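All chains are identified by letter, namely A, B and C, in their written order; residue positions are counted from 1 within each chain.
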Amino acid sequence: MGKTNDVDFTLEYPYTRTTGPVIGPWLTGLRDGRILATRIGDRVICPPVEYDPTTGASTSPDDLVEVGPGGVVTAWTWVTEPTSKHPFATPFAFAQIRLDGATTTMVHAVDAGCIDAMETGMRVMARFRDERRGTVTDIWFAPGHEPVTPSTVDPGAEPVEITEHLIGVRIREPLFPFRARFAQGLLEGRILGQRSPADGKVHVPGRGYDALNRVPMGPEDDVEVADTGTVTSFTEITPIQYHGQTETEPYIRCSILLDGADTTVGGIDVRHIPVGSFRVGMRLAMVWRPESERDVSSIDNRWSALPAGAYERWEPTGEPDVDPELVEDYPF
Amino acid sequence: MGQPCAVIGIGQTLYRRRRRDVSLDGLVREAALRALEDAALTFADIEAVVIGKAPDALEGVIMPELSLCDALGAVGKPIHRVHTAGSVGASTAISAAVLVESGRYDTVLTVAYEKQSEGNATWALSGGRSGGQGAGGTFAPWIREYIRRSEAPEHIGWMVAAKDRLNAVKNPYAHLNLPDITIEEVRRSPMLWDPIHFLESCPSSDGAAAMVLAAPDRARRSPRPPAWVLGHAKRTELSTFPGRDTVRPRAGVECAAALYDSVGITDPRSQIDVAELYVPFSWYEPMWLEGHLIAGEGEGWKMTDSGATAIDGDFPVNCSGGVLSSNPIGASGMIRCLEAANQVRGTAGDYQVDGARVALGHAYGGAAQYFAMWIVGSDLDVL
Amino acid sequence: MAVSDIAIVATAQTPAYAHYNGPEVQLIMSCVNRLLDSTGLHRDGIDFTIAGSCDYLSGMPFAFVSNLDGMGAWPPVYESHVEMDGAWALFEAWSRLQVGDIDVAMVVGSGRSSPCNAREVFHLQADPYAMAPLGLDPDSLAGIQARALIDAALTTEEEIAAVVVRSRAAAIHNPMAQVSGTVSVRDLMAEPYDMAPLRAHDIAPPADGAAAVIIATGDRARALTARPVWIRGIDHRIESHHPGLRDLTDSVSTRLAAAGIGIGAGSAPAPPPDVAELHVTHAHEEIILRSALDLGDATVINPSGGPLCGNPVMATGLIRVVEVADRIADGRAGRGVAHASSGAALQQNLLCCLEGDRPCEGVP
């Protein structure tokens, strides 16, 4: 038999950013080994800005001037335990650095080795990665006075206009108790719902509460419902491709009102019934996967669909259709 | 009661699949600066800023008011951020209007945007998982149910799709430019989510929209005609529960009823001159005509079929081209609100409805469960 | 235009849970049900509902939609949502009641931080071009701010530790607190650095929780409670996102908000507030805020223990309002200030001045 497991999911997407008329040249400069800033009157602002921070008036790429690569630390923190998002895996400093020629500071990472090497007022020097692609992480800073000549990049390289950022947030937590009971039930061949103590309606799967009556529901409210039911709505999905999408061919998604339930289970995956013969009101039965092959690992705390790993398929029961008007209150 | 509020400046960006030429800062500034220019004001005249957009995960930037406040001239001022799913653009406009109506602020800038090309809306709607059904997959069964209940002929959806795209040809900001589109072409376009065809679906756009809202003294000094916010309403209901009517959501019916009641409209079809309804899939035109009490139940598709919702009809809908032609999600609702204002200001250009004095702006969101609507007029006492 | 009298008539909050093993909806529902019970209102007696939460913290785009389940939205309700701390939802609710056509609003703030690493989430608040790719999280910027404060001789590590000592001691009496206890500056100074010069105890541990309030206009407020807590002013301001364009040793936006509600420099003289609940998620911020608000010894700061002892992100700011309102409602204070903050290093700040019908009767 399979088992239930904790949630461990990363909400992740490779975002693409268009950089515009000022940030683009700045990132292009970093790639090419130069740090640019915006000159507005007697202020020189780095990182550069598309607008005067005082008046909101637009600035132009013509206002860009070169600053650094050396600078002075004006404030800093020592990061004892870097996160997976930080530029270094070992302890480092984030510092406000006033680059030579700039009148404001920028925040960047200083690879100083140990906290004792850091002090306010110290000189730092930009270091350029050998492989640069036009992002703020193309550089870092190190204590010292001597500039290090950046490696050259392809002089014919196009200006940076789009950057890519894989951004992810990892979610880890136990299944909520009612989700764990639902998952365990499926492994044992039972579909569990919860009967509201307020109005007797059976919610499948249970969500730990009855939203209509605003009452919590616990283990004492668990009830088993049938593995047969009536199609209340369906869609034929033509999969749109996106990061993480594994579907490529059209398929049916439907909602089913299980016998004994008052809410539909959505997201039911149908691949064995032609769309032309699929109907609202159709009676279907779940064909369980063998106990040893049941997989409920897709169950988490956020999505309430019946997991496809619990069943082989859904088959028509052979019963006559239910009049669609009788299920029109369940079109979700 | 609160002080009246007027739209005195409107700004829109070009809507495109990807605005390669601007950063996020640049995108919102393009709309904001145009709205300020329209109102003959500068950032210095603005007392408070309200921004809106759909989920942060569409661009991967959390609480973007923090990183955009400098670009929007908000430093030293109040700025807050609204998020009510697809209805957010209209909700944001209403939140900004409330700041003026409260009497606390006389000049408020509101901006809504989405830069969809930075991420992927279907990914976001799927919670980052494979096998998502997207917005179309969610709405398709409800559209099918509407067709069943109302016995509407299938060409209604194709008609709306073609009409809105032809309207968009007159709108210089619109994303889609399909001057040769025909009903037959819509019919023959691929079926994405039965019964929704590809050409019956909204595009994915980058764009921002902005308005300057002002109290009466400021509005009357404004160089261009104000659009007076005569009333607004919002209603929300739960996404799913036994007995929920997703085809004609009660929140939508009650939102419209509350709005009309608040401004003294008893016959919306005759008293409203033009409407901008949130129609991301073509069938939502007749569905909202009914669901917002403009047509009787089962009568919405007949309005569409008769040509009443065309730009020269008696109840023009989406003269700007609507969501079907430009869809920067978070801004789409605000665009409906500001296009309604354009009509009563007489600033709608080639898609101006002659003599429009009362206009409806509308948006919905979530599982057709969030509704936000406003009515604007050419004068405070036009109704 | 005259500002209408609007009062907090009921409050609710959950404990700050290190890990609440259940949906955010249940946290919200418990607060909402308590508010309705304590006022005797039915759900349809609330004219306007507004919530604050963060989708990313919940790990799912559109997560705020399911929070409706806890707030009650059937029959349909007049409702809105800000992707901000619940304190900003209070600002919008207060503005909405000022319009004058409706009288009762409910405000909710909620979040569950435990499933994720808050630093890895909230670095996405930073400028997406120059800062977010560095993973620059709010705790790192707080460390830089604390260093700037120490370098400017405006505080010391010992003084920062003393904030923690006092907060934890105060939290002993707060059943909602996540951490509390008697510690000494000397003990704390012996702990290792986290974001030096900040140590782990200087940084509020993110928690799971919710808070909610009901506010009502003048006569309705008096009808709903014998002890209305009047909102005498509410304002919020933001400052530049770029640390290099700010003076990190001051909170300019707090000063502006204070002036906006008539309690700051340049305002008419008034007695100091009895109590101030400040959104201090990094201990040194209390020193900056005391200065910006010109708070002296006459004002008790964070008698609940403050966010350092319980930080249900997205509700933390609204809980400051709840804590002040509760003290005024039960007579422990006559007048107080609640503060909420958003962004890194106190970038955005909200102030709410609260007052009861009677003066302070005890010790906050």
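Some observations on this one:
The working rule: a contact is a pair of C-beta atoms (placed from the backbone, for glycine too) under 8 Å apart; a residue touches a chain by one contact, two chains touch by 3 or more.
Only a predicted model underlies this, so the values are computations on that prediction, with no experimental measurement involved.
Contact with chain B and chain C alike is made by A. Seen from the C-alpha centroid of chain B, the farthest chain centroid is that of C. Centre-to-centre separation of chain B and chain C, using mean CA positions: 33 Å. Centroids of chain A and chain B (each the mean of its C-alpha atoms) stand 27 Å apart. Multi-chain contact residues of chain C (touching two or more other chains) are listed as 56, 60, 68-69, 74, 121, 124, 127-129, 132, 240, 242, 245. Looking at chain B, residues 23-24, 57, 59-60, 70, 75, 127-128, 238-239, 241, 367 sit in touch with two or more other chains. Contact of a single residue of chain A with at least two other chains is seen at positions 9, 11, 17, 19, 23, 49, 53, 165, 167, 211-212, 302.
Against chain A, the residues of chain B that register as touching in their complex are 18-26, 29, 33, 42-44, 57, 59-60, 70-73, 75, 115, 117-120, 122-123, 126-134, 136-138, 140-142, 144-145, 148-149, 190-194, 238-247, 367. Residue ranges of chain C in contact with chain A, taken from their complex: 19, 21-23, 25-26, 29-30, 32-33, 43, 56, 58-60, 63, 68-70, 72, 74, 114-117, 119-121, 123-124, 127-137, 140-148, 151, 192-198, 240, 242-245, 248. Residues of chain B touching chain C in their complex: 1-3, 23-24, 55-63, 65-70, 74-85, 91, 95, 98-99, 101-104, 124-125, 127-128, 233-239, 241, 249-251, 254-255, 258, 366-367, 369. Interface residues of chain A facing chain C in the complex, by the touch rule stated above, are 7, 9, 11, 17, 19, 23, 27, 45-47, 49, 53, 74-87, 94-96, 98, 104-109, 115, 120, 135-137, 163, 165, 167, 169-174, 176-177, 207-209, 211-212, 214, 216, 301-302. Considering their complex, residues 9-13, 15-24, 49-51, 53, 55-56, 58, 161-162, 165, 167, 201, 211-212, 233-240, 242-247, 253, 255, 262-263, 267, 269, 275, 280, 302-303, 324, 328-332 of chain A touch chain B.
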